[in-house]
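Before we start, here is the structure in question, set down as structure tokens.
In this document, chain identifiers A, B, C, D, E and F correspond to the written order of the chains, with residue numbering beginning at 1 in each.
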Amino acid sequence: MDVKAEDFFLAAKLDMPRDTKVSKVGSNVTLINVMRIPGLNTLGISLARIDYAPLGENPPHTHPRATEILTVLEGTLYVGFVTSNPENKFLSKVLNKGDVFVFPEGLIHFQLNPNPHKPAVAIAALSSQNPGAITIANTVFGSKPAISDEVLANAFQVEKKTVDWLQAQFWEDNQN
Amino acid sequence: MDVKAEDFFLAAKLDMPRDTKVSKVGSNVTLINVMRIPGLNTLGISLARIDYAPLGENPPHTHPRATEILTVLEGTLYVGFVTSNPENKFLSKVLNKGDVFVFPEGLIHFQLNPNPHKPAVAIAALSSQNPGAITIANTVFGSKPAISDEVLANAFQVEKKTVDWLQAQFWEDNQN
Amino acid sequence: MDVKAEDFFLAAKLDMPRDTKVSKVGSNVTLINVMRIPGLNTLGISLARIDYAPLGENPPHTHPRATEILTVLEGTLYVGFVTSNPENKFLSKVLNKGDVFVFPEGLIHFQLNPNPHKPAVAIAALSSQNPGAITIANTVFGSKPAISDEVLANAFQVEKKTVDWLQAQFWEDNQN
Amino acid sequence: MDVKAEDFFLAAKLDMPRDTKVSKVGSNVTLINVMRIPGLNTLGISLARIDYAPLGENPPHTHPRATEILTVLEGTLYVGFVTSNPENKFLSKVLNKGDVFVFPEGLIHFQLNPNPHKPAVAIAALSSQNPGAITIANTVFGSKPAISDEVLANAFQVEKKTVDWLQAQFWEDNQN
Amino acid sequence: MDVKAEDFFLAAKLDMPRDTKVSKVGSNVTLINVMRIPGLNTLGISLARIDYAPLGENPPHTHPRATEILTVLEGTLYVGFVTSNPENKFLSKVLNKGDVFVFPEGLIHFQLNPNPHKPAVAIAALSSQNPGAITIANTVFGSKPAISDEVLANAFQVEKKTVDWLQAQFWEDNQN
Amino acid sequence: MDVKAEDFFLAAKLDMPRDTKVSKVGSNVTLINVMRIPGLNTLGISLARIDYAPLGENPPHTHPRATEILTVLEGTLYVGFVTSNPENKFLSKVLNKGDVFVFPEGLIHFQLNPNPHKPAVAIAALSSQNPGAITIANTVFGSKPAISDEVLANAFQVEKKTVDWLQAQFWEDNQN
């Protein structure tokens, strides 16, 4: 194997703002993982830049194979995660520029930019070369095909028509 | 350390039906993990019995530290899981008695008993002595304290009052 | 990779009794591992049904890459394992329906159905997608080719002709 | 923690012959593991010297948590291991001074000095700071308390009195 | 254990420039590891800010337990690492703002700010909650006590007095 | 896969002295890793013989993926390693025949034969089937291509011409 510097490099432009209008929730995650830098294979780490619009959010999600550590580059973030059953304890914090926060592997967490006027930016690192991401709303209401409304109505204790309505709008969202 | 057989044993009565009315969703999970059998420490496995009422459900959840393999002992189960972003592909299957299904580590999955008249029972094994469980609805709408309705309204693209209503009923649920 | 539900599924008929006459010792292990469910690859778990004839036995064996956790579905089992040198402590227990027992990775263990009239059934889970199994008698006396009788006579402190006689009958056994 | 060189050192005298008469099988294993060098903790390796009397043997055994790699310092060794069920293939080799052989984790293996006049010596390394060792004969016939003769008679397809006789002599052996 | 948000948080001020005059080589590493955020325990990740003076350098070093992934926040960096024996291939790259580079676990690497007028800043993540750092020059010439000059003279193929002179100045350096 | 004994065997002649004149530093490492015994794949161990000329040295180096445990077969060795920043504590010991010493994963260590008249020999085991080796002097001064003298002059606090001179002689060395 003729190893070369390019296998460990990406001109990722992590210094450049991303368009946060690509999602309805006002955020944009740029993940640099093993699919983008082949030299990361088996090495157990990846890096991301996250842009948040004013009031934008990286909505509740989990990484099935990684813990995340994050620092704020610009703006302010309201962040949190919830512990496992049966406690389901919600831990949250307001982060200012330069603060650091940890989201343990597999737990549901989010970041929200509470400022209505200014964007925010974070750098996050994840303890896997392929951490995966499962956005709760997309997964539960926007999967392809849709999860049976019977399953979700019972799980969320709502009527089926409420589930259908939620799925309809996420279905649309996923077509954009 | 004077090791003895009792450290590796539990009279868990996994043959006995559990009360599925303890939860609104009509299921009951009996997990035998390292907190119940100390000899499991560091050994990377645990076992569970799951009871389902007619139309009962083990609602969408993840195990942050374990893959699950399940077999049906009684009745029928409609099961599924959703893959990570961006595909969010929903894979599902109807399982009959004796069938086996695998839910990979960290992915959101569920089991539902589609039979309106008969209960169902499964045995599941998990690849950790302390797999953890994160029930999506409980975590997102029933955490203590509640996640800010602003976070959830944006994430699920609903109005805040819808979030408040969902949280109110899960809050009740978690007091029972 | 176009992942599909069938990759994580097997119609294994784990509810159906197996023929315990296939072995001289009166037991039959049905193991669902990565060779039977490809989706188990790298996920670190597998599942088995074990049938025991009256007085039948899953004879002393080890799993070189897995801990086992077992529960009794039908009947009664006398189970045990032996700790490493130099203690070689034998820990045993009689298990009734619904009881759970753990056999730590790599240790020699067995299960015997002490009831002369009724069969027994267990479900076991193992902490590897390919746990392996080494049955002591088959390995020591029934290998192909046979281990030199000099090696075994010294190890078991018996005469070579005793070794030859044991090997002869296991050799036969392995041809059936 | 005030770390010092002594935590990583042992005056183990691995150059000195050991007494091979301490066991009936004519061998003596000197294992340097984490109990003897505390600095090995979590580091995943240990080292051993093995002495063999003329015709002496390190009888069939497994290491539940380690692979072994061995080189012959003096004399000749006939070595082998058996693969898992269902193949139970016996792989063997005669090793001369300076040869290297590998015994994979958890498999049953042995070394025998075929020379009736000269001792043999080997150095072995194991891939765990606490590999464990399970000598088959000691475990099966010499455990404390003894495994029920019913279990062993069925497993080895012999009469109970044969089992009793084997256990009696190993019981003696373990008192010496 | 009463877990709280503070266990996963640090007001690390990673947005603030550090003093690069604390070292002769013109750099300053601010590492946020498990000693500073207890919640990182066992989670396999840590984060660092690195400041470089004009022409400053994070000199050749290794992390014994971690791979590093780095992105440039400000300025330009000339970075490189050397592969193992026998190739000892040197891979290097000039990184601009927003570029990403990976330094595989245990390999010797460095970053240098080639700009004589402007500082540079990077954020790096490491695949361990306690990655460790071994600066080659400090370790080889500045250890306490000093490594024997005989060892180093032979290793670096220089005269002992050259070694003594190098050690003298690093010894001074380590007193500052 | 038709596994055979030869996959786990090598006629490595580890009993035979190696030529210590192949390197300027007077040592010769014969490593038996997965490239030489294919059966070692994934098994996490390898073995080495090290020969030392009178006053010869295995110069400061690290193994990026392994801890090393060593015993002296012939002669005497002065050995040591240095702990990570910021302590950089140097731990050393004189080892006689039969002594055992441990070099923890990723730390810089060496062995030197202090005897001007007699050679020394050691057997070492490493906790990886492919431990890697990074000789500090070869890597820093003998890489291909050479590391920029600006990087090294600053790191070692010497003039560029000193770096150039060191590199020139290691460059020669690596051509032999």
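Please note the rule applied: a contact is a pair of C-beta atoms (placed from the backbone, for glycine too) under 8 Å apart; a residue touches a chain by one contact, two chains touch by 3 or more.
In this text the structure is predicted, and so the values were computed from the model without any measurement.
**Q** By how many degrees does subunit D turn when fitted onto subunit F using C-alpha atoms, rounded in steps of 5?
**A** A turn of 180 degrees brings the C-alpha atoms of subunit D onto subunit F.
**Q** Using only Cα atoms to place each chain's centre, name the chain farthest from subunit F.
**A** It is B.
**Q** Report, in whole Å, the distance between the mean C-alpha point of subunit A and the mean C-alpha point of subunit B.
**A** That pair's centroid distance is 23 Å.
**Q** Could you put a whole-Å number on the gap between the CA centroids of subunit D and subunit E?
**A** 45
**Q** Cα centroid separation between subunit A and subunit D, in whole Å?
**A** Centres of subunit A and subunit D (C-alpha means) sit 52 Å apart.
**Q** List, in ascending order, every residue of subunit C touching at least 2 other chains.
**A** 80, 89, 92, 104-105
**Q** Please classify the inter-chain touch graph. Allowed labels: line, ring, star, complete, other.
**A** If you draw each chain as a dot and join those that touch, you get a single closed ring.
**Q** Can you give me the ring order of the chains, beginning with subunit E and going next to subunit F?
**A** Moving around the ring in the direction of subunit F from subunit E, the order is E, F, D, C, B, A.
**Q** Please give the residue numbers of subunit D that touch subunit F in the complex, ascending.
**A** Subunit D residues touching subunit F: 3-5, 8-16, 32, 37, 39-40, 43-47, 66-69, 71-73, 80-81, 83, 89, 91-93, 95-105, 123, 125-127.
**Q** Could you pull out which subunit B residues touch subunit A in their complex?
**A** Answer in residue numbers: 24-26, 55, 57, 59-65, 78, 80, 82, 84-85, 87-90, 92, 104-108, 110, 112, 132-148, 150-152, 154-158, 166, 169-170, 173-174.
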